[in-house]
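Structures are listed in the sections that come next.
Both complexes below contain chain A, partnered by chain B and then by chain C.
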Partner chain A sequence: MTDDKDVLRDVWFGRIPTCFTLYQDEITEREAEPYYLLLPRVSYLTLVTDKVKKHFQKVMRQEDISEIWFEYEGTPLKWHYPIGLLFDLLASSSALPWNITVHFKSFPEKDLLHCPSKDAIEAHFMSCMKEADALKHKSQVINEMQKKDHKQLWMGLQNDRFDQFWAINRKLMEYPAEENGFRYIPFRIYQTTTERPFIQKLFRPVAADGQLHTLGDLLKEVCPSAIAPEDGERRNQVMIHGIEPMLETPLQWLSEHLSYPDNFLHISIIPKQTD
Partner chain B sequence: MEEDEFFGEKTFQHHCSEFIKHSQQIGDGWEWKSSKDCSDGYMCKTHFQIKSGTVVSNPGIYNGVQTCLPVEEVLEVPLDDFEVTQTAMASEVIKYEYHVLYSSSYQVPVLYFRASFLDGRPLALKDIWEGVHECYQTRLLQGPWDTITQQEHPILGQPFFVLHPCKTNEFMTPILKNAQKINRNINYITSWLSIVGPVVGLNLPLSYGKATSQDEVHC
Partner chain C sequence: MAEEPETMLQLPSTPAAGGEGLTDVSPETATPEPPSSAAVSPGTEEPSGDTKKKIDILLKAVGDTPIMKTKKWAVERTRTIQGLIDFIKKFLKLVASEQLCCFCPILLEFIYVNQSFAPSPDQEVGTLYECFGSDGKLVLHYCKSQAWG
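Here is the complex of A and B:
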């Protein structure tokens, strides 16, 4: 019988086999070979692609190189979204490996945030964690932590250290004995069909009568099109970390076990494959 | 969802609507934009400024110092003095956009802003600072906010600069408490924007403050 804690490891160690190819219009001194890499689902593109950058820069001249950015089938990839989210949302219906195109020119200013350094990724990651704790605990738990604890969360993610990360993160997963869960659940729901990048609203894990809210309850309330039609063939898949959890799953459990390291549930709604 | 909080989303929208009413009276340009699914929205204002300091043939008009002039002032210049430089000026017109959104996570308003040339080229944060008066630059460094960072606009999905909201309650609570004590009506948005706005080049005419005292609005 699988322990709930094993789920935490499975989520942390999820990987996506990826093939990086240099954009054909980039100027090279010789042919650029594609570069293959297993990307951690829970991390961020600009955090784990130093080797990719070095590989392609070897065949380019310094003057032809400016900020690196990634694209999948014409869509610029937002480095500030977790890798697993990007894959589930954009590429999960295609065959592996995930084919990503690498660019060093014409940064799409209207679509992508700049990523000037690792510090920018750390700032973004910590900002998400703080927002998640604002929702779960009115920021009390994260504000009580020392700077070194915050640093440990970031270093754990950066260096792929599960134990180091969870030694601190477990405190963010606790709640008062008299409650049945967090104050509100940190979640974001993504769909490619809307202009709005994601849906995020206040939603409690426990109903007034003490019943635990489920994933289905959440979707019905904030994104009913995701589970339409209720009677009959569903049009969409509800995906997180590459799997479709049962809609009956309690949201509190999902938040404790299937959140990304930033403590948010990043949920993708994708059209069902008909084949 | 629920409005058991001090400054919930409905309260935010109400204060914005009162603020916009006054803006319309004085022609200050703020308007409300609803999201496509109409479930929420934001308040926004766009203004244009001309950045001088580029090559000009008539030194009588500009003294060579980098200044930002509102468009109206430039148009007052006699046309024949202005003709030669007109094409050079077009590329230096800067469009500033300010958006006020509601953060349900922190239950406060958040200021998003960006600036670009007319051809769409965005300005970097340091370029925007050049347009901000020196005394506000100091305030920025001392202010009760962590930083200004580039973030994704939650409704438009595009990069904007943001004044981080997590310390907003720290500076707003004393203002609201004091207003309650002296039994004065204030508009949360007006008070908040008058503090954070100037730091990013956004100024509020004083009439906003006077308008609210006459309203029935309570926070």
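Here is the complex of A and C:
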């Protein structure tokens, strides 16, 4: 029988087959072959693409290289969003592999944050975890951890070490015995059709009468267009980690099992494909 | 980050100006700060009523960072953390190369705990206010050095 813990592994080891191609206007000394890579859904672009960078820099002159950035069909890819989120939101309806274009010039200042070092990724990641725990536990669990525990979370993600990561992360998934869940659920809802970057609000996992709130309850409250129309063919898909969880799924369960390593549920609302 | 030519921060309003926004309630501030070059105009309005409303932000300096004479501001919800940081830097007359970090403290019982998180530069203050505001305002700490991990 499948254990809930198996879900944690499936989420962690999710991969997206990706083909990286150098932008045609980049100046090269030789032909640049595309580079193929399986990207971890739960990680960040600039954390896992050192090999991609090296591959293309081999055919370029030093003076033509500045900060690397990635783009999909004209949309610059935010490195500080998890890879799986970017794919679900922008490319899940297209055929695999995911075709990403690599740039070394004309960094789009208006669309992307700079990523000066791995330390910047670590700082961003840890800050997201702290924000998630602020919502779940008023920061009490993450603040009680030692610095080495924080480091272990980061190293676990960086080195793709599931056990190392979850040895510490499991503490962030606990809640007081007298409660039925976290204080608030860390979630962000993304749509390409709106100007807003994402929706994030306070939402409790348990109702006043003790009933567990579901994914459907959340969407009805903070993003009703995602599940419209209620009586008829839905216009959108609600996607997390490439799957569409049933709307009846308890939000507390989703938070414990389908969160990204930063402890947030990153939810994509994408238009349904009409065949 | 994006260069935003006009800030949406509203200066403390004098009685003559009236209207929305805050006057600084602390007695030490006798007169409002003179408008910097980056000041204010109501700016372009968002179409939706929700995003039009401004939220109150209370800015607190930590570490060896200069303190702003005016601490309380009315800010458009869609203003990003980067936009806020740029404004504080201009207000404090810091040079562009000086780093300024913004942290969101967490209210635990009746006090704010020091350890907190640094919101991403592209995060909107409106979202932070919804999730971490209390008593009708969002408290944000700012500092020149990386005071906390």
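Note that the second predicted complex is superposed on the first by the 275 of 275 C-alpha atoms of A that agree within 3 Å, B and C clash if a C-alpha of one lies under 4 Å from a C-alpha of the other, contacts with A are read in each partner's own complex, and residues count from 1 in each chain.
Everything below uses one rule, namely that contacts are C-beta pairs under 8 Å (C-beta built on N, C-alpha and C of every residue); 3 or more make two chains touch, one makes a residue touch a chain.
Just so it is clear, the structure is predicted and the values come from calculations on it, not from any experiment.
Novice: So, on chain A, is it clash or fit between chain B and chain C?
Specialist: With chain A as the common anchor, chain B and chain C collide in the superposed model.
Novice: Could you look at A:His150 and tell me whether it touches chain B, chain C, both or neither (first, second, both, neither)?
Specialist: In the superposition, A:His150 contacts chain C only.
Novice: Look at A:Glu109 in the shared chain and tell me whether it touches chain B only, chain C only, both, or neither; answer first, second, both or neither.
Specialist: Both chain B and chain C are touched by A:Glu109.
Novice: For A:Thr194, select first, second, both or neither according to whether it touches chain B, chain C, the two together, or no partner.
Specialist: first
Novice: Tell me which partner A:Leu135 touches in the superposition: chain B (first), chain C (second), both or neither.
Specialist: Both partners, chain B and chain C.
Novice: Quick check for you: in the superposed arrangement, does A:Ser127 touch first (chain B), second (chain C), both or neither?
Specialist: both
Novice: Hey, what residues of chain A end up touching chain B and chain C alike?
Specialist: Overlap of chain B and chain C footprints on chain A: residues 80, 109-110, 113, 123-124, 127, 130-131, 134-135, 139, 196-198, 200-202.
Novice: Under the touch definition given earlier, write down the residues of chain A that touch chain C in their complex.
Specialist: So the residues of chain A touching chain C come out as 80, 109-110, 113, 123-124, 126-128, 130-131, 134-135, 138-140, 143, 147, 150, 184, 196-198, 200-202.
Novice: Contact residues on chain A for chain B in the complex?
Specialist: Of all residues in chain A, those touching chain B are 78, 80, 109-114, 120, 123-124, 127, 130-131, 134-135, 139, 186, 194-198, 200-203.
Novice: Can you tell me which positions in chain C touch chain A when the two form their complex?
Specialist: It is residues 1-3, 78, 104, 106, 108, 113, 115-124, 127, 130-132, 149 of chain C that touch chain A.
Novice: Residues of chain B touching chain A in their complex?
Specialist: The touching residues are 1-2, 35-37, 104-106, 120-122, 147, 149-152, 154-159, 164, 166.
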